[in-house]
Each structure stands twice: as structure tokens, then as C-alpha cells.
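Should a chain be cited, it is by its letter among A, B, C and D, assigned in written order, with residues numbered from 1 in that chain.
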């Protein structure tokens, strides 16, 4: 077996949802979030507390990104200085204003992956040809996700707290058993169609210890590791969205096979599970630990980027 | 009175909320959206229907922007073509992926203005010096808004339908009476602390008739026009957010004074009302007209852009 | 004959230089500019007058570009304002500095086309597969041209003056006879391996009359029109570089066939003639008309952009 | 003496050329390059050999930049892939083309500094107020330099070879004596108004040993160090341009005072000497060492960037 067949081999007998919602589907497991499920999310709200889960864009200490991407560059196109230096004059009546401009990777911050973002065997989600990604995502782009909106009941599983540490270690993995035991200890039930939010504490390293500590000699995030039972559980529980406080939502290198990002293909490409990545969970998690409410409303629709491979979002959790 | 004193004159006796939430406040009327108000929003949900209110970014027909700004440029950094042309090789195991990059004005799509975005008399919201905008918003940037989140009960007032036309005309204005009569005819009550969403139909012109029809010889959007009673009503009703389907949320040129964007200063700079601009309201409005439910939950937090004058958002309305 | 076969048909019996400099060549007719030819250029200098032929980038009135491209966006990353607003502090000893950033199309100003920039029949210059352009020019990019440098004797042919008008009209064409009669009237000899610079006056319209006049309802620049004898003359005269004051160096729409930019394929793709476009020739041409010296040294190497389809240049003419 | 007064103290009695060419001058020592000097440059050409002195932009191994800047991002806007994936169709007649887009710091590659790029005591070149840099260089931008063109006789001083090493060490300095002894050993005379090109070999470290070796723990380039006699020599010899193969043309930290980039202020701000930075000199230097010809024609005009603090250039040396 050549190396680049490993993922295909691993996932050969794993379930898929291709064609489950027809040959033209581009939103996959987001189909689970029907109005009934939205109302289930609404009913989970108890206190009216709001948490925003995006990370800062253009942070003075830099933005955490997948290797090869770069952080945002934000620049003023005008500000009070332009008026002081006579480059601009006040508008009729006296109004002045500041304005700015950004260049960034669409997945260079808290974002949703398009379902077609990753693939193997030349097929993306629902069996569309990977060639449709050329020059922009014709199929399974982030746009249909953004048009639909992502609203439902979410459950936070605080894996780091469950393991009694401030953050998981580089490359540390966990699996289905950990999800279930963590939920049990938290006293929360993972219901069918729940948005699943996993906290590893990992992202904090970037901000508290700096890029060198975060990237290390070899980038290898902690996170969920592939197992057949994990994939089957996602399939059966019909999880619409997986969200974490890591760049890529799963451990970077599968410890068994050495393959990269197996769950991107097992869950996203094959099951149509939405990946919401790079969330800031520290404040939400501290609050959940304090009041014991780990289920809440999640509302967060990515920007409607035409043909985007993903798009930024600042999701809202309402407890 | 010189021309650039007009706004200062117009607003001389108008109410302000400066210092109402202390000298360090940067979120203004967003302070009204307490947990109680969030729960009021939650309670407005009846059916679980979700509408996303952002416009498409990087649309093939162009993006509607304020004159002087330009639309987004979105480019692939990698896609299947890169693998076909041997510029990239699959990752260990076989994963391949597409990625992209964008350059855009932060206010070049559906977005929230920072409270410090516009000013007169060298002072922005809460009295901060306009010089704090130089090189990036030190004060009253979009970041605190994005950290807080914008969640509450919203009311849609469909002014265009109220006037029996598909969209208001260039420069057509309306005022407080129209808001109230529209609400009455719609059978909806504007409650204290409601997010106010006004539909003019104007944005549709860009997409249906093209940029030439939208911009015209002289850019002059329809919208709310300044009046003392309007400002007082916003003040008394403690409206936290004003949102519309126009680029700038108000008529461009005040027909009385000729001043530009008077309400940006009267409502945003002085009262701290958040401006959420360039919303796509056509689908939501059609649905409201059909089922008569004009009040709903609004959840939409802009991206957390450091020192941003504004930031994109794809708000969610849940009916 | 289907429409997209027209260029292939037109050029079926036209000469090519493919393989003339071996199968690995990427600079085509630039090979003609040997040290001997460089010295010939040096010898053409008489007075020491210098003219720079680039257009302004980020001009306040906009930059003239091919439809679909956009002009440059140049923004300050820091300036004195940043020090005044305490966003920056002077470096040790007291130095302060200003810095800036640009986003632009590589062919959005005075530039050299890479030889592989345009093609038909899936083959670019020298027969390389057009698929090598995917994700960046693997072959016949602008880089080898920029590594080599473009230095030689140039001749200006002032076609507009020859025709007694300030600028040619939209879509106005000229041919080999015009080149020869213009040279004759100017009293200059076109020697083998001369860089050929043609002035139409067209670019002036953008700056003097504005974009609307320049682009018109249908973009159709004046310029050279395809003819078999013209192509043969370029082939025999071994012209290394064609340069003009238009966006695309030739009339946009071939009046005979309706095909777009036939000479890009006849001269650049097939003969390997370098295209240097969007030159500012007004000052040079006025001076040549005054002193009668129409031959001079040309020195202008594009930026060394890796895999670029083209790259900016500010060429120098030394009379 | 507070730290940020050191440069002002060091340069208190040093010569300046302010007002030498009138109160409106923006090109400083470039005024020395009269047509006579251009002809002197032309006469230095012996063999017709051409060397291009720019570095690669968007190099796959990254671009060497001043700390705080970032390298270029170059992306395709279209290529053969777009036609294969039906995102584009051939133009009438059959033409297809590739196109691309770049984002970069204007000083993020081989470039000329504008004379107003650095300053102390709130005054830039010729005494213009540093406030004129706000929002773009109103005065002493790179544009007048680019309009004028930089053509003249240049002399290469190969300091690294002179010291018998492949490249100078981090922070290694040299001074006027070294320039003179190096010239003497090379058998070349530095004439009045010569463009001075200094080779340290330093830039090679970036490409051969990588960014970590190049930047080190503390960025400190080798180069010329400030001394009163050096500044007086530049003043008397009327050097129009200083060019090197380092990012900033001088040693980063002055070993005597600890001040940053003293010569930027002593030579550029005060004398109006043009700084041409980040040159690729390896090929030129090897050739000069082989044939002993260290004087040649330099022709290299930066791009005409409106209000630019600097602009890229790919200079040409003709021996």
C-alpha cells in the first residue's frame, strides 16, 4: 500500500452520507438542523448569557494559523491623520470617518470549512469531482452553508478539564470513550443532532506562550484521533457540526497510520459533518465549569463567500 | 455658518449618551442588551425558521460598496489544479485540500460599524479624541462589540412594502411617523431595546439592475432622514442597533441641510447606537409578509478585528 | 470553423521560433539581445537625456488596466501619525520611518508579459503545455526575462504624430506599411534586433479624459492589426521587444476576423517577441519630435516575480 | 541625553544638503546625475554584458525582509485550470491567458527608499515636516525619483572579497578606509558622482542557510558604520546613490552609540543620498573578480508609486 492510499484504505468500510440528501446537496449534515432542532436549541437557553467564540483577527501578537497560511494584514485606508495632513476634507456638513482594509486567508481565523475543503481519491463531499475546486469551489463551497445558517443546540465537552490539565499536550489524542465519559462527568447528555464543541485548551498556548511553543519543531495538535467506532458514532448520532479550539479540529498526525487529518475525510468529506475550527473557548468553558450548564444555543453563520473553501465566523453561544 | 459646522449645529441640542456607561465605554447602546433582553429575544422565537442576512462576498456580479471602497478579491492559494500540475503533492496518507485568500474593505460587505467609525468636532463616541483613530482604532473599535456579541429581539419594518413599492427611490426619505405607522400596519410593537431592522428594497437594485442603476450619477440612498423627534425617539426607546438593506443605514444626503450621513453622528457617535449595514432582507421580508411574524431573535456578532473601524458579519434571524 | 479555431486558422502558416533556441528556452526573442546588440544600444546614446517610461501606480485618478483587472491599492503600514498617536515609538537613537504595502495585478501597470501569458491550442511559447500555467507559470514565466534583462537599441515610431493627430481613435488600426513610412518620415532606420516602441497617444485619454472615455461602451484599443506580412517582417527583422502606450500592444479586436489579440499569439506565443505594455511615451515622443533623435538605448528589466505571468517595470530610455 | 536624541546629537555638526537644490527639491543627490554624468556612465561600458540586480519576489523559500515586514503573496487570478474547470471560456478567436495578483510591502524586495522614508526631529529630507508622511508621502516620495530615473556610472566595491571571506559576519562593520583600500586593491577609481555598490555577501545567507541564520536572535546586519569622516566623504564626493546586498544598506546597530540605522539619517535624510537596498550582487561580483572591470553603467528606475515610501526595482548593470 503506497502512502497516499492510507486514508482510502482506512476509510474503505466507513459509513458515508453521500447522496443521502440527493445528488445536488452541498450542506451535508447541516440538513439535520431543521426548525425543530433550532427550537431545541432555543429551549436550551436558561440565563441569557452570551459568549462569542471567535478569536481576534490581526492580533498584535499574531494570529494562529495552519502552517503555510499567514495571519491577517489590516491597514487603515483613512483616519483622522488623513484629515490632519490635508489628504482628506470633511464631507458636506462636517462628517469625517475612518476606514480600513484587510488581506487574509479565509481560513486564517475562526471559520467554517466548506464541505469540499479536503478530499482524497479525487472526490469531494457527495462525490463531486475534486476538479470542481479549480479556481474556486463550484460545488460544496462555504456559500450554501452560509446561506443556510448554523443554529442549534450545542454541547461543550471540556476534555482538558476532564483530564485535569490546563491544555492537552502536543499530539495528545482522545477518542469516543473520552467524549462519553467527559459528558457523563459534566452531567450533560449528548443528544442526537447536537453541535459538538470540544475544548483542548491548545489555542491558549499560542497567546500565552507564543508561536514558537505553539508550532514547535513539528506541528502536531492534540485532538480527536480516528477510530472506526468514533466515525460510526458520529454517523449514528448525526452530529451536524464539530467545533474545537484547535486549528484543524483533530490531532494533526494520526498516531496509528501516520496519515494527516484523517477525520477531515472520515467526517467532513464522507459524512458531511461541518468543521468549525479555531474557536476561543476559554471564557465559555470557565463559565460552564462554574454553573454546570454545558448545553446551550449555538448561532454562527460564516460569511457568504462566493466559491469559498471556508469563511470566517464569530459564533455566539447563548446559555 | 460654514458648511462643515452644519452637523454640529443640527445636533447641538440633541441628546447624547456619552459617559452614560462610564468614561471607558466602547459599546454604547449595546449595553442595553442585558441577559434579560437576550431572553426576551429568545422568547420571540416561534417556528425555528432561520434567515441569514449577509450579502454574498466576492459575488460574480460585484459587491455593493460605499463609493471609494472596492469589492473583495478572492483568490485560490491552492486547489486540485495545483496537484494536477505537480505544484503540490498529497499529504501523508493521501489528503489534498483547497485553500483561498481574500483582500477586502472591512466595511465592504454586510458589517457592523465600530462606534468610532464616524465623527465631527474631533470627537468620536463617548468623547474620545478622533486622533485615536490614527493607524487603527484605539478606542471604540469594532472589537469590543464583537467580544460582547449582539443578541436580542429584533423587529423588521418593511418600509418598501408599507409604501406599496418594490423599493424606495433614490434619495427617498422617511421618518419617525413612517416607522410607527409601518409597525402598526404590520401589527408588531416596537418594544424598548428592540433591534430595529428597516427594509427599503434598495440593495436589490444592485443585484437586479446592476451597479450603474445603483450608484447613479450621484450616489444618494433612500433611508431615514434626520429629525429631532427621530433622534429623541431612538434615545427614549433605547434602540441598541439600527440595521438596513442600504450601504449606510440612512439617506445619504440630508434633504434639509445637505449634510452627509447626519444620523451616523446623531445616533452612532452621540447615542452609541450600533449600525449594522448592507443586510440582505428580501427573503426574510417575504416570509414576514407571508406569516405576519415581524419580531424574532437576532444573533450576529461581527468578526473580532483588532482596532477595526468595522467588521463583516452574517447575522442570523430566528423566527 | 468554430469561433475559437479562428486564431489557429489565421496563424496556421505563420512562422514560429519554437525550438529555435532549444526545447528549454523561456526567453524567446530576448536571445537576440546579445552583448553585441547591447553595445549597439549603448552607441545610440548621444546626449545623456533620460526618460522613464512607466506610468504612475496608485494614481489618485486611477490606473488604466485591462478589463477585469483592477488598479493598485497602496496603504501605509506606518507613518508619522503612528508615532503621534503612540502606536509606535522611535527606534533606539531616535529614528522614525514610514512604510507601505500594495496589492495589485502584476499586469496592472507598465509591465512585461511572460512569454507564456497567452496561448491557443493548449500550447504556450516553445510548445510547453498550457497546463504548466496552473497555479503559477512553471514555464516561460516572467522570471527568466527578468534574470536576463532587456537592454538594447530602441526605435520610437510615433504613429499618432505620423497620422497628424494627438491620439489614434478607438479601434483604429495600422500595419507594416505604416511602420515603415513612419520610420522613413522620422528619418530613422529600423535595424535588425531593434526594440520597437510604438506611440498611439491612446493612454493619454485615460488621464486626460477619464476612464469612461478610455473604456467606452466596448473596450477596443487602437493599434497594430494582424497581417501575414507584418508577422513575417517581425520574424525576419528579429524584433526582440514590442512596446506601446496601450494596455495590450495591438488593436483589441482584429477587424478582419473578430478575434481577440491575434498578435499576442502570432508574435509572442509563436515568435517569442517580448511584449512591454502600458508605456508612458508622451514626454519621450515630444522630445524626439523636437530633436529628431528617434533611436536610443532602452534599459528596463521587469521585477523578478517567481512564476509570474508578467511583472511591472519602469523602463529607461537614454538618448 | 535621552536615548532618542542620540542621532540628533551625533549628526549635529554633520553636513546637509537641505535647500541645496531649492526648497521644493525631492530627489536630493539624484540631481548630481546630469546628462554629462549619464554619458560618463555610458562610456564605462566595455563588453555589453548585462547583470540584473533584483532579488526574486515570491521566492518559494521566502523573501528576505526587514523585521516587521512580510514577503510577497502572489496568486493566480486565472490560468489554464480555469478553462479546464469551465470557469472561463476562450476569448473570441480562441485566445486564453493566465493572470496574477500580488500583495507585498513596497520595500519588501530590491527597492529604492524615498528620501522621506526615515527621519528624526520631525523633519524629513530637505526640511519637510514629518507630518507630510501621514496617509502617504506628500513630499520626498519615491515618485520624483522614479520620474527622473537613475542612470550613471557605478563602482562595485566587493568588501567581502576584500576581507577574504564569503560574507561579512553578523554586525561586522567597515568604514571609509575600507572603501578606499578596497577600491585601490580592485584597481578602480571612485569618481565624483559615482553610484556606490557595496557587496557584503550577507544576503546569500538568507538563500543558502535560511531565514533562521539570516535573522538570528537579534537582527543585526553587517555594513557601513557611521563616522564623521565617512559622512563628509559622501558629501564631498557627491555620491548620488548607495546600494548594497543587505536589507538596510548599513550596519543595523551603530556599535558606538547603539542607535539604529544612523546612516539613513546622515546620508539619506541630510545629504539626500538615494538608498538602493537588497541587491543581488553575487553574479556581478564574481564576474568583476574574473575580468577586473569594477566600473559600469547602472540603469534602474524604481516603479512610479504614487506617494510611495519606496518602490521595487530590478536594476541593470551593463559592463
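In this section, a residue touches a chain if its C-beta (ideal position, glycine included) is under 8 Å from a C-beta of that chain, and two chains touch if they have at least 3 such contacts.
If you want to know which protein each chain is, UniProt gives these names: A, B, C, D = Cyclase.
Values in this document were obtained by computation on a predicted structure and should not be read as measured data.
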After a C-alpha superposition of subunit C (Cyclase) on subunit D (Cyclase), what does the rotation angle come to, in degrees rounded to the nearest 5?
180
Can you check whether subunit A (Cyclase) and subunit D (Cyclase) touch via the same residue numbers (shared by over half) or via different ones?
same
Hey, how far is the Cα centre of subunit C (Cyclase) from the one of subunit D (Cyclase), in Å?
26
Separation of the C-alpha centres, subunit B (Cyclase) versus subunit C (Cyclase), in whole Å, is 44
Taking each chain's centre as the mean position of its Cα atoms, how many Å separate subunit B (Cyclase) from subunit D (Cyclase)?
46
Touching at least 2 other chains, the residues of subunit D (Cyclase) are 73, 76-77, 79, 81, 84-85, 101, 103, 131-132, 134-136
Give every residue of subunit C (Cyclase) touching subunit D (Cyclase) within the complex, in rising order.
3-8, 10, 34-39, 42, 45, 47-52, 54-60, 68-69, 72, 74, 76-77, 79-81, 84, 90-107, 109, 116-122, 130-137, 143, 146-149, 151, 253-254, 257-262, 264-265, 297, 299-316, 318
List of subunit C (Cyclase) residues in touch with subunit A (Cyclase) within their complex
73, 75-77, 79, 81, 84-85, 101, 103, 134
Please name which positions on subunit B (Cyclase) make contact with subunit C (Cyclase) in the complex.
70, 73, 78-79, 81-82, 84-85, 87-88, 103, 131-132, 134-136, 138
